[in-house]
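Two complexes are shown next, each including chain A; its partner changes from chain B in the first to chain C in the second.
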Partner chain A sequence: MTEVSIEKLTKTFGSARAVDGISVRIANGEFISLLGPSGCGKTTTLKMIAGFEDVSGGAIRFDGQDVVNVPAEKRDIGMVFQNYALFPHMTVEQNLAFGLEMRKVAKPEMRSRISRVLEMVQLTGYAERYPRQLSGGQQQRVALGRALVIEPKILLLDEPLANLDAKLREEMRVFIRDLQRRVGITTVYVTHDQAEAMTMSDRVVVMFGGRIAQIGVPADIYERPENLDVAQFVGQVNLVKGTVREGGSDGRCAVETTFGVIEVHSARMHAPGTAVTLTLRPEAIELGAPGKGAKGTVLSSYYSGSLIDYRIELEGGDIIHTQAFPHNRFADKERVGVYAPADRFWLLGAAA
Partner chain B sequence: MTPGRTKGMGPYLLILPAVLLLGIFLVLPYLNIVLMSFRVPGQGTPYGVGFTAGNYVKFFTDSFYILQVVNTLWIGLLTTAICLVVGFPVAWQLARADMKFRGLAYGLVLSPLLVGIVIRSYGWTILLGNNGLINRTLLNIGLIERPLPLMYNALGIVIALVHVFLPFMILPIMAAIQGVDPSLHAAARSLGASKTTAFRRIILPLSLPGIQAGCILVFVLSLSAYVTPSLIGGLRVKTMAVTVVDALIDTFQWPFGSALALCLSVTGAIAVVIFARLTRMKWKAS
Partner chain C sequence: MSRKVLTVYCLLVYAFLLAPILVVVGASFNAGSFLTFPPQGLSLRWYVTFFNNEVFMRAIRTSLWVAAVSTVISTLIGTAAALYYVQHAGRGKEAIRIAMLSPLLLPEVLTAISLLFFVYSVGIGTQTMFAMIVGHVLITLPFVFINVSASLETFDPAWDMAARSLGAGRFTRFRRIMLPLIKPGVIGGALFAFIISFDIFTISFMLKGIGTSTLPIQLFDYLRTNFTPEAAAVSTVSIVLTLVVVIVSEKVLGLRIHRF
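Entry: the complex of A and B
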């Protein structure tokens, strides 16, 4: 079991900084996701942890030992690749045996470990198959088994579900998460899919432009985003303009908005009169008859089955998105009351 | 609808022109060669009356011809082996490395094919001859006292053939390596394999189809090469192809020449079958 510590890790390609001095401590057995758009440095970071990419600066420690100069094959990692990277000329069993052969594990033990892992990834009976004879989901489980059978210090996953269809992807999320909990292995998971990161991780590291924008448990990232980039990346978000009425020193801040005066958390002092932006997630909003909450007019609505998407213009000019159940339909141009509980508003940059 | 289920003569009519073309201009002449190889040598005519197995008896009982087959096979094997050793790294580099001048390098690999084979072989005579560039230079520097025998021997033929056929080795191997997913190498490393082990256990077996194709191409081309061996080998070293042409054109022995040609073909075919058997890939089947 291993604790991973990344300290001021940097990777430069020419003059470009792909990874720009990031630091994260990953606890023993923790499942951590690196989340961000393509080109944010998440995959480069993973490759540096794996040892496939040289490090330009900083340190990567496994249980306190700096591994920056240790070649990939000596780092004792298990890695799952986006395209599975199964050896096409080997059977499932041979794929699983490869890492054990490299470790010179004795034949009888090898057999028992392989059958145990096959059972774990629910592929008992598939040992003699070649990868191309398996479905995408099965190949994915072989890749997972191959990474786990060597009982590595850490498990690294590089967008492993990106090539699967939506239904299978959700099944595999649960499968991987359960498996990781059972094995209790320290795991780093790279993805650009916020739902994946949210549902699977203990903590999420959101990255933009080679830097960490925010580290936190999924609820932190979603409900208390550090900045607008994070707020927008992890889901649909409404922006509500406001003016500070009272920037108290007690960590509270009263902001005047079209929803009335909202008291939000703020570690920073704001002078009265300062213009600020509050975030409000669409699902926090309740639509009703005019009277409760802010006044708004329905601009348009889109039926999407279980929910209806509304675009609503508020009195002050802000346009917000929200969803509502179809049992309570509003027509276009209808005047509505837009209500949201005060604790669902969040002042951007509040923690800074 | 699968093509196999098609009813009627339509599809057969479509391939008829191709079948006729091949039949008339390829299969019939081949059959004629087989027939010719059993004919009696003629006096002043291409062949005489009646049939005989004598041409084959002459081939199998004369150690001169057997030795020549061995020689030809040896030259073919050596050329193939050198092409493989020299060509594989080039193919690897072209397929994998981030090269600035990949286009140029690719062009250089193809360049031997752009110049006629006669010209290329003559070029080698200029380089390899006793008065050639290589020997002259070495003599002038004082590294050697008398010219090295680079021409009129198997060595010279192999050198020239390697140059001529190298692209046929590089291109299929390059294509095969390009088809191997780069993350497989990374996967092997992550499982504890060193770079060399990852190469040996993963990349090499997966590029085997390309190696196999390249080897067969170069070997077959080397066996049947005529221009290069005749120019570089001169009168002293002859390959089977050269002897066949001698028999057909110089001494006008059509029946015996045909028998020789067939023996060369069969020898080559046997060698290729043995090679294909040895390098057969189990995982490709089924």
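Entry: the complex of A and C
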């Protein structure tokens, strides 16, 4: 099993920097997601790890060994592509056998490994089918099996669920995650779907414009975002303006807001009077009769089945979004109390 | 209504294309001594005459041989060119395409005359079949190139990457992944090359050596002085030969496109 370490990895196309000096250590058996908007360099990073793309600068180490000059076919990686890339002229079995043949695995062992993997991806009985005779989800599992049957050092997946419908996508998330845990293989997973990254990963690497904006466990990324870009990319977020009352040298900072004085975490000292912005996730907010929490007025509401989306103007002028169960509906222009627990506010850039 | 019109229109087009062929085939079974249609009585006598005609037999052998050799050569060159064109050509891509297709764009006579100049100026001449084969390769190359490039355009680079990630080197990837997947294009191109080469007149006429007439030239020669149904028999046999080549390659090599 393998630890992957990426150091100051850079890729330039002409004068454009697709990947701009990223560093991350991926522990043995860890599931890491590269998350970011289209064009931020996720695929390019993955291709450099796989060896399909030359490196412009920096190092990639598998268990301490620099692999930058090792060609892709010698890196011992398993890769799953967005369109699966199954060989159309080969049956499922032949697709799975291909990598084993390249490794000159003996016939009997090959057969037992293939049947074991087919069982693992729940496709026993499909060995003789051609890819075109399989559904999208089944093809996806064949692709996964083909990557895993060679028992590679690391598993790389580039938006493997993007072509599946919503329901299947959720099933496959769980399926891939469970499989990865069982096999215990170091995994790098590329996606631009934040929910996917959150539910599957041990840690998420958020990228913007070829750089890493934040690395952390899903809860950190969601609840303690480094900056506004990250906060907005991983979900809906409300911004609450505030003024520092007390800078605090103990890593705490008291901020005065329409919600009252909120004490937030801050590694940095802030002079009293400094204007700051706090983030607040919509689901942290509780709406009620005026009195509890900040005073607000309902601007608009949208019914969306299980929840109602509200847009609310706070007394100080901040506009926030939140959702509430439909059992007590608030009318437009109705005055409401907007409450959120103090520990759900987060000062952007607090860790810096 | 418009469907009917379309059907009739299609039938008319078919009739226009196929009628002359049917007439030739019909005329070849003529029992009479002149090339007429409808035939005056049925007979195979002109086929017998044809198969006993040593000059025609030699011409058919020459044609088959020239077509086979030039097909092999243009399939190899055309496939390699298409590979480069689709996978590696950067800036010069359009230029390569035009260069590869130019034998189709130029009048055949022009190509023939330039080749004639060329082979004499470099001292090869037309004593051997070399010049004629070069000409046939030139004319058939675009057909291989077009067919192979078209099938390469549908080749997903991810297949190649997948094979690489599974540990396959360059040669294995070509042999086990790319070649089987572009095979319909390669075989289709080769078939085109063969049929076109079998049919080439102008180039063969200009570049042939002494005693190396191909079938179309021999037929032309024959028709200048004779007007018997033997000519129709020759044509019919060459149509059948072409069909046989197409059907056999389809059965043996699997021309039928994979359906993914």
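Following the convention adopted for this analysis, the second predicted complex is superposed on the first by the 352 of 352 C-alpha atoms of A that agree within 3 Å, B and C clash if a C-alpha of one lies under 4 Å from a C-alpha of the other, contacts with A are read in each partner's own complex, and residues count from 1 in each chain.
FYI, a residue touches a chain if its C-beta (ideal position, glycine included) is under 8 Å from a C-beta of that chain, and two chains touch if they have at least 3 such contacts.
Predicted model, so just to flag it, every value in this text is computed and none were measured.
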Specify the outcome, clash or fit, for chain B and chain C once both structures are aligned onto chain A. clash
Pick one for A:78: touches chain B only (first), chain C only (second), both, or neither. both
Contacts of A:89 with chain B and chain C, given as first, second, both or neither: both
Partner chain(s) touched by A:292 [first = chain B, second = chain C, both, neither]: neither
Answer with first, second, both or neither: which of chain B and chain C does A:252 touch in the superposed model? neither
Quick check for you: in the superposed arrangement, does A:8 touch first (chain B), second (chain C), both or neither? neither
Touching A:107, do we find chain B (first), chain C (second), both, or neither? neither
Contacts for A:99 in the overlay, against chain B (first) and chain C (second): which applies, first, second, both or neither? both
Can you give me the overlap between the chain B contact set and the chain C contact set on chain A? 50-52, 71-74, 76-79, 81, 83, 85-89, 98-99, 102-103, 146-147, 150, 156
Interfacial residue positions of chain B with respect to chain A in the complex: 181, 183-184, 186-194, 197, 201-202, 205-206, 281, 283
Contact set on chain A toward chain C in their complex: 50-52, 71-79, 81, 83, 85-89, 98-99, 102-103, 131-132, 146-147, 150, 156
In their shared complex, at which residues does chain A touch chain B? 50-52, 71-74, 76-79, 81-83, 85-90, 98-99, 102-103, 130, 146-147, 150, 156
Chain A contact footprint on chain C (complex, rising order): 156, 158-159, 161-169, 172, 176-177, 180-181, 258-260
